[in-house]
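In the two assemblies presented below, chain A is common to both, partnered first by chain B and then by chain C.
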Partner chain A sequence: MKLELRRIHIKDIQLGEETKVKDGVLFVNAEELISHLKEDSRIKDVKVDIARPGEKVRIIPVKDVIEPRVKIEGAGNGFPGVSSKMAQVGEGKVNVLYGAAVVTVGDIVGFQEGVIDMWGEGAKWTPFSKTFNLVVDITPVEGLDPHAHEATVRLAGLKAAEFVGEAGRDVEPDEVLTYEMGSHAEESRKYPDLPKVVYVEMLISQGLLHDGYVYGVNTQNILPTLLHPNEELDGAVISGNCVAACDKITTYQHQNNSVILDLYEQHGKTINFLGVILTPELTTLEGKFRTCDYTAKLCKMLGADGVIVSEEGYGNPDSDLLMICKRLEDAGIKTVLITDECSGWDGASQPLADTAKEAVAVVSTGNVSHVVTLPPADKVIGNAEAISTLAGGWDGSLQEDGSIKCELNAVIGSTSEIGYHNLTVKLY
Partner chain B sequence: MANKFKVLYYVNQFFGQIGGEDKADIEPMYKEEKIGPAMGFDSNLKGEGEVIGTLICGDNYFNENKEEALEYILNVIKENNPDILVAGPAFNAGRYGMACGEIAKAVVEELDIPVVTGMYIENPGLEVCRSIAIVAETTDSAAGMRKALPVMAKLATKIAKGEELGLPEEEGYIPQGKRLTLFADKRGSQRAVEMLIARLNDKEFKTELPMPEFDTVDPAPAIKDLSKATIALVTSGGIVPHGNPDRIQSASAQKWGKYDVSTIDALAGDYYTIHGGYDPVYANEIPDRVAPLDILKELEKEGYIGKVYEYFYTTTGTGTSVGNAVKFGTEIGKELKEAGVDGVILTST
Partner chain C sequence: MKYKIVTNNPLVKKEKENIYFVEGSYEDVLIKVRDLVYKGVELISHPLGASMRMLYSPYRSIIVGEKNKVVDPFHIEIIENSIINYRKNLEGRKVDWIHADDYALIDNELLKSTLKDLEVK
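== the complex of A and B ==
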């Protein structure tokens, strides 16, 4: 499979009469976008706003972040099985509005969305302070149940990204990144001496509002499954979950999965990267045994010498993470885990909900309960009050002067367990 | 220098040059001079700070008369109001280490004055104070004095000047057990790939998260006669009365709540969930799905159990630190025990 991600560097977003890219500036016709989204009869109202890096703007409560793109060659466009018709993706050419992001806003169930600060202290904690954000605030019609509400906002975000992405169709890219990998047999002939590496990506799959989707299939209903890394880079996997903001894998982070990109970088140099196994995190013990056994089996069948496992969320999925690790290490497969920690406000508590002596190589992406103070914003897109009910906030988080005191839990992407951000933990 | 910081120093009878084991029962005393290691320590301050006096106490006296000894020592410190207290180093001397540890703990907690001490990693005094004082890591015997004093002096200088300490292994102190979130040079995925490549090539690597060690709890003996037993209902599922009157957090709980359920037959109707870690739709429809008060009340009516305890206890489990969970468990357990509750149905999510 060969995929070209053709990056058009976006240096600003502005509202305009036509949705287009000109000299690196993305212009969006808000009315057209709004009427496009309101074709969904479940949507009552849509507000569109822009937040730029460095502006004293706070976006809250954020549900998902999506990168606007358009596929100009090869099968599929957008998110097959979800917002566009089914297609085998991973091959062809994609024009990417690199530096831009669609950010969806709106209370779903009230606890599980997050905050993005575009400037200063808050900007350090989230990777999405560095993107030019087109914020789409969606109000559904009254009486919609939370599951339909979640689906509505999820689809609206994806459709908005597709709509905006179209603007890049005929634009010449500033850089072209090529991701190419043949069959296992071909790659192993090319790199007979390089160690074989598999990436296991765990996805929260714990019921409505806590699900990831692959080609539109809720991962709650899958056995661990093998993907070509290009498929995920080309829109096969999306976020449908409303778990804690700090470590949910947003759709943007699937499109730009940092473990995949960093493994690709080493492919053919120090490793032979075999592919991605998507593993659902289930709630039942039987489910955990089934998926963890199955994941280890796939790694063994592929002949992996080394595996990176990334978690999504915390708490009971810590058990899945360590169960997979134990099975792989017992099979002689060297394993590195990526997780965050729940060490409490003072960092003095046990970091994980489970333990395994086999887990000797672990990357920590931060303590979700690390408390930060975010200074007052000049402008809030969404609802500043939402912080009091978000995971990571509390009644009183919003101070009188408009500043917010909260845990990293509430900050989108802060402790990303696919290692998308640069936090770590050290023992003091 | 005009603004030298003030150091008060604590040593035992031996380092205080009173005498050996035969003088271990001397009462605490204070001298406005630099005695024993206080002299070497002072010269390592390089003029930025000064030891203004030395407290001396016999090891046996301190350990056998802790309250009296601490009262005297704390009073001297209060009167002199130093910027920092330095104790030891105690190396692997157990009684001396306990004295340094207890004094450090009392001074930080009661006087809010920082403390630097020095110990060997196995000194029993370490656990008393490591989380709140800064303990320089020393060898197990006084032969390490010459190495220990410059490290302790450097730590004390930084603390007295309000500078942040670096990593324990860089600064030479024993970790306090706090896991702090910091920015790394590389993103997490890059660090994971590098760690894996190191492992695959049998090169050195260092985990960023050593696995925690867990307590194990033995199950309580079975209740012999349920029909006479009082059963309490406790949940970490975030089920609270509508409006969440005690403002319990939806993740990373800092508190728990208890609510009178003696007059209701089920939680449905009055309760909902504020838990941020699961789909709340079904719990909001019937909160008894998470905390089954309805079934317990039926069992009470049937006489299968003696009584449902009048209060229902609740908090949020998701993201809640083990430290807080231990605290909540101890507090709730104490109340239930005092109320004569025989058994608990504890539900998670």
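== the complex of A and C ==
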């Protein structure tokens, strides 16, 4: 498979009469976008706004972030099996509005956090303070059940990204990144002496606001499955909205999965990258045994010498992470885990809900309990009331000057367990 | 599969029959599950959720199975670790009662998803 990600560098977003890219500026016709989204009869109202890096703007509660793109060559466009017809993706050419993002907001339930601050202290902690954000606020019709509400918001975000992405169809890219990998047999012939490495990407697969999808299939219903890395880079995997703001993998992060990109970078140099295994994180212990056994079996069948495992979420998924680790290490496969930590305000507590002596190589992507102070914003996009949820964590979390003390777990993408973010934790 | 739901969620109480209803907190639910596991009752669903935010929920529903003659040490480890983690995470935080109804709803929906997974057996 060969995939070209053709980046068009976006330096600003503005509302305009025509949805187009001109000299690096993305213009969006908001009315057209709104009427396109309102073709879904479940949507009552859509508001569109723009948030730029450096502006004193807070976006809350964020549901998903999506990179706008258009496929100009090869099968499929957008998110097959979800917002477009089923197609085998991973091959062809994609024009990417690099530097732009569609951000969806809207309450599904009242306790959701998910904040993006575009300036100051808050901006340091989320990668989406650096993108030019087209914020789409979706209000559904009354009486929708929560599952339909979630699906409506999820689809609207993906459709908005497709709609906006179309503006890049005939634009010459500023840079072209090529991702190409042949069959295992071909790659192993080319690199007979390099260690074979598999990437296991775990996905929360547990129900409302705790789901992920591959080609539109809810990952609750899959056995661990093997993907060509290009498929994920080309829209095969999406987020099912979020409760866990800091470490729920947004669709944008799937489209730009840092682990995949880094393994690609090393492919043919230090490793032979065999592909991605998507592994659901289920709630039942039997389900966890099934998926962990199955994941380890796939790694063994592929002849992996090493495996990198990334987690999504915190709590019961820690058990899956360590069970996979134990099974792989017992089989003689060197295993590296990527996870965030929940180690208390002082960072001194045990970081995971579970432990295993086999977990000897662990990369930390940050402490979700780390406390940050967010100053008041000039403008709030979304639901200002959700800020009280942020502020209500403990006595004194709302300061006299209107600043909010909150934990990083409220900030979108702050401790991304696939490494698409800004921080880590070091032992000292 | 025979199972029971240990819960303090009023919504689950209203909708389900095969429950141990706990008049108390999330932590009380964990403790009830712990006591059952020490008596040999099988742990079917993991006691913790998959996100930090759900730890601040006033409500929790956990599925347990039949009583066996032998106590499963793995299940003991899981429930004990869960209690330690729950307490650790609530040290500086408050249970979020303001959104209690929404937590009841999500807990119930996540429970339904788990039960669906068990139905096929």
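Miscellaneous remarks
Keep this in mind: the second predicted complex is superposed on the first by the 408 of 428 C-alpha atoms of A that agree within 3 Å, B and C clash if a C-alpha of one lies under 4 Å from a C-alpha of the other, contacts with A are read in each partner's own complex, and residues count from 1 in each chain.
Methods note: a residue touches a chain if its C-beta (ideal position, glycine included) is under 8 Å from a C-beta of that chain, and two chains touch if they have at least 3 such contacts.
Quick caveat: nothing in here was measured; it's all calculated off a predicted structure.
Look at chain A after the overlay: chain B and chain C clash there. Of the two partner chains placed by the overlay, chain B and chain C both lie in contact with A:206. When the two structures are aligned on the shared chain, A:248 is found in touch with chain C, with no touch to chain B. Touch criterion met: A:425 reaches chain B, while chain C stays clear of it. With both structures placed on the common chain, the touch criterion links A:317 to chain C but leaves chain B unconnected. By the document's definition of touching, of the two partners only chain B reaches A:347; chain C does not.
For chain A, the partner touching the most residues, choosing from chain B and chain C, is B. Shared-chain residue A:394: touches chain B and chain C both. When the shared chain is aligned, chain B comes close enough to touch A:263, but chain C does not.
With both structures placed on the common chain, the touch criterion links A:197 to chain B but leaves chain C unconnected. Residue contacts after overlaying the shared chain place A:284 against chain C, while chain B stays out of touching range. For chain B, the stretch among 95-103, 149-157 or 275-283 that collides with chain C in the superposed model is 275-283.
Common to the chain B and chain C interfaces on chain A are residues 109, 111-112, 146-147, 206-210, 243-244, 314-315, 342, 344-345, 349-350, 368-369, 389, 392-395, 407, 409. For chain A in complex with chain C, the touching residues are 109-113, 146-147, 204, 206-210, 220, 243-248, 281-288, 312-317, 319, 342, 344-345, 349-350, 353-354, 368-369, 388-389, 392-395, 407, 409. By the touch criterion given at the top, residues 43-56, 63, 75, 78, 81-82, 84-85, 88-89, 91-94, 96, 98-99, 102-103, 105-106, 109-110, 112-114, 117-118 of chain C touch chain A in their complex.
On the chain A side of its complex with chain B, the touching residues are 109, 111-112, 124, 145-147, 195, 197, 206-210, 243-244, 258-259, 261-263, 265-266, 270-271, 305-308, 310, 314-315, 334, 336, 338-339, 341-352, 355-357, 359-370, 389-396, 407-409, 416-428. Partner chain A is touched in their complex by these residues of chain B: 131, 165, 167-168, 175-193, 195-197, 199-200, 205, 207-209, 211-214, 247, 249-252, 254, 274-281, 317-324.
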